[in-house]
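Labels for the chains are A, B, C and D, by order of writing; each one numbers its residues from 1.
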């Protein structure tokens, strides 16, 4: 089945769902799923609707234009996007030396769990090149220096990358870099944010004597570890666990929390509302 | 806010969502939430839509009739129901001697978590009458004998009860009794079904040496512990836990699993599809 | 079975376990359970050993003295305590207006889960007196003013209270008050600390857009919400949950996390090591 | 640090712990950890004690003999084992075509999480040879026929394998085969046993409409999926999940549940008591 996904976010008003579903129906589309949410605090409306392209009367080359007209009529101009199920998003993975999240993403991808292309892995260290090789993915070793981000941006453009996953990448990205991939850079942080921001989160957790540790996947924003949270998970620990044990236990939860966020992104389920996310 | 909830289940077909949302919009209704699901195996369509009655142009006394017409037009006759947010469902609680689920429901109700009325508690034992008294709820002690179900049905009718919650009620209901409240009797079973059906589930679990115990809330059907599952939860246990410890630990998960199911029912979120539930 | 529990914490050294278990054995004691832990960072040794008093050759009135001698011999003087299984600790509960943790503790106590006496409930508001009454527990309404802590301390002394549980008590205790019950005041905080310290934790959590909320039980220390953590738990939330929903969902986890901590305390399982706890 | 681990299981009696810890102490051993459990139903005593070999007065070649004498004196002959921390158990992994548990074990091993050697992977299919190659582990493709088990046993003996992990191996082992590695074959079953024994567990789960799925690691015994359970885990699912989705979600829990069991085995923490396990 080939389908199209339309994402909309705008001020709530009467008639939006009727107008959009009617547009699909009157063009012989069959709705596969429809998710919507109205934030009672901001009165913002969010909608993700997917319909089968089989039998749909509007040609692909005209759809963008037709939805533009619909958006003007219904009042959601400039706040919508469409995606096709047969156009896979292109993901670049940034890593440093830790390999557990990288392996996890690559194995899930190979198993068919992640419906995206992974043309490129970028690292500030050469260590994980062999992993990239064994999965037949290009690997760019870009050492951390003044020109690193410039080169990263060039190569990302060259590979037509749609979004970036920081799979335990240990460098902080500049505001300029982030502005090129706004709401398109997903990080995994090794704590349940907002607790234990910054480096050495497991050591901080051990020092504080917590009985639960966690991981947080979030969009990267200008505020370090402060971007909109996509997914979080936790795992129990005890006094027997050293900081090193927390690092080991944490890897399991980092992997699943990051993979969940990547899946939500690839499925075009994530909306950003202020500093929060809506997952439809 | 006063709202109306329309639940629909029927064979999937094009135009259902458009037709229904258009009906709401063209009568000046504002949709509060819309949830839908198409079961890919059965091709059944399920929908729960809630809209604000403020400004809605159809009067309450006419709504049933108007939706009947819509259903005929769109082809979902005989498979829809409407509920009003200001008409609270009336719940009867059946208990025997265990009080933990009973207290939990009554305290949640008093705290405003459960938007229902609880006019009646029925028990085959007199033990929990004082609990009913302290919450000012009528208590019917109906000893387990040949005439018990007949009396139960009479009193339930007298109290205009909409649905029944078996809060660790230790008797098996007859097929005849169940037929009067089909898909309207919720039971809490003290295991993760289908493991450990029947009595003494915690003792069975202890005997088997499991490392996880659970609880299951489900609709009561003619097959003992075999009805559609609404919610399940689990909790870790260890070799240190005796069967008695499992009973104690299990109480915590029984309470939350039952409360979740009751909330879903009260909010009109549960659809039964074959022997499975869809929660929208 | 009547038993005695010996808790020891001291610098680790060879022969501690052998010396202590030999003391029990040579006096015909049968060990019920033995838990021990050596903190690799501080080299501190922690031990909880329980033995059956049936057949044990040392009389109760002499045991304190005999263990004192043993402690001098083995080098753990001044860092041990003994408790008898038939001497129930006396717990006072402090509350304000929220009743969910109070009810939970009282119902668990009545069900036999908590092996303690609860002679007294203290509140800065009169609202929950009826709950105390229905469980036949004395209730002291002490309004929050300059003399409140003085009166609280007097009444606690009068009731021979061993430890205090703050069951969503909304006042901050003074350093002086805390010094009277050091490591004997258990609080439940409505977040996974150290995130969201202070008031309105659920509103903070909602504002930050977290996907998991939690609760933390900890000993009260001079640093607000900074004392040694005893237990933590978490529960998933979504964009659909308002701050009010978080408050409702959080109640479930607050209850179990507080009850776990109280059980650990009553069973004499908690050791404080710096700002961390060891649970044996 | 080099240490020795002594595992004991026998009828409970007074003086066991004192006798054993005294043996360690009188030979200048420093206890690292001690875990013990008495099963109240069977009155069986289980103990795992680990002590530092540094400064310990008994030579390695004599330790077996000295503990034999101790066992005779204290009455636990024939029910003890010793293991050295610097002697890694040798694990063989059996696989068919699924690679997720295999990759997980190999990556954890490479990351230093699993303190064992993995000299051999055996499969009834050739598909996963490349995985074995990339981790530089010998791979034996033994097609499923009448002589397969005979060849497996020979090769296992040749590689001096101590224990076997069935990492989603899709064949049933004969009673004869099992008898060669009794309590030394760990299987991962893709359900929370005892629910959904046998093949197609996720399809069974989907059919039943459960809201939670799970995985179980257990020792293989003569009764299919009936051996002593080591670890279990669960994960929430919903009506939206197809049987295929359950398979994908289940992989995550299979991996961690199997890894936990393997770690417990490698650390010599598992005791079998009837059809249950004690993990110390």
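Note that in this section a residue touches a chain if its C-beta (ideal position, glycine included) is under 8 Å from a C-beta of that chain, and two chains touch if they have at least 3 such contacts.
None of the values given here were measured: they were computed from a predicted structure.
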item	value
Of A-C and B-C, pair with higher C-beta contact tally	A-C
Chain whose Cα centroid lies at the greatest distance from that of chain A	C
Chain centre separation in whole Å, for chain C relative to chain B (CA means)	37
Centroid distance [mean C-alpha coordinates] between chain C and chain A, Å	42
Set of chain D residues in contact with two or more other chains	37
Complex contact set, residues of chain B against chain C	99-100, 103, 107, 111, 113, 134, 248, 251-252, 256
Of chain C, residues touching chain D in the complex	14-15, 17-19, 21-22, 24-26, 28-34, 36-38
Parts of chain B lying in touch with chain D, wherever the complex brings them together	37, 39-41, 192-196, 208-212, 214, 228-234, 238-240, 242, 273-279
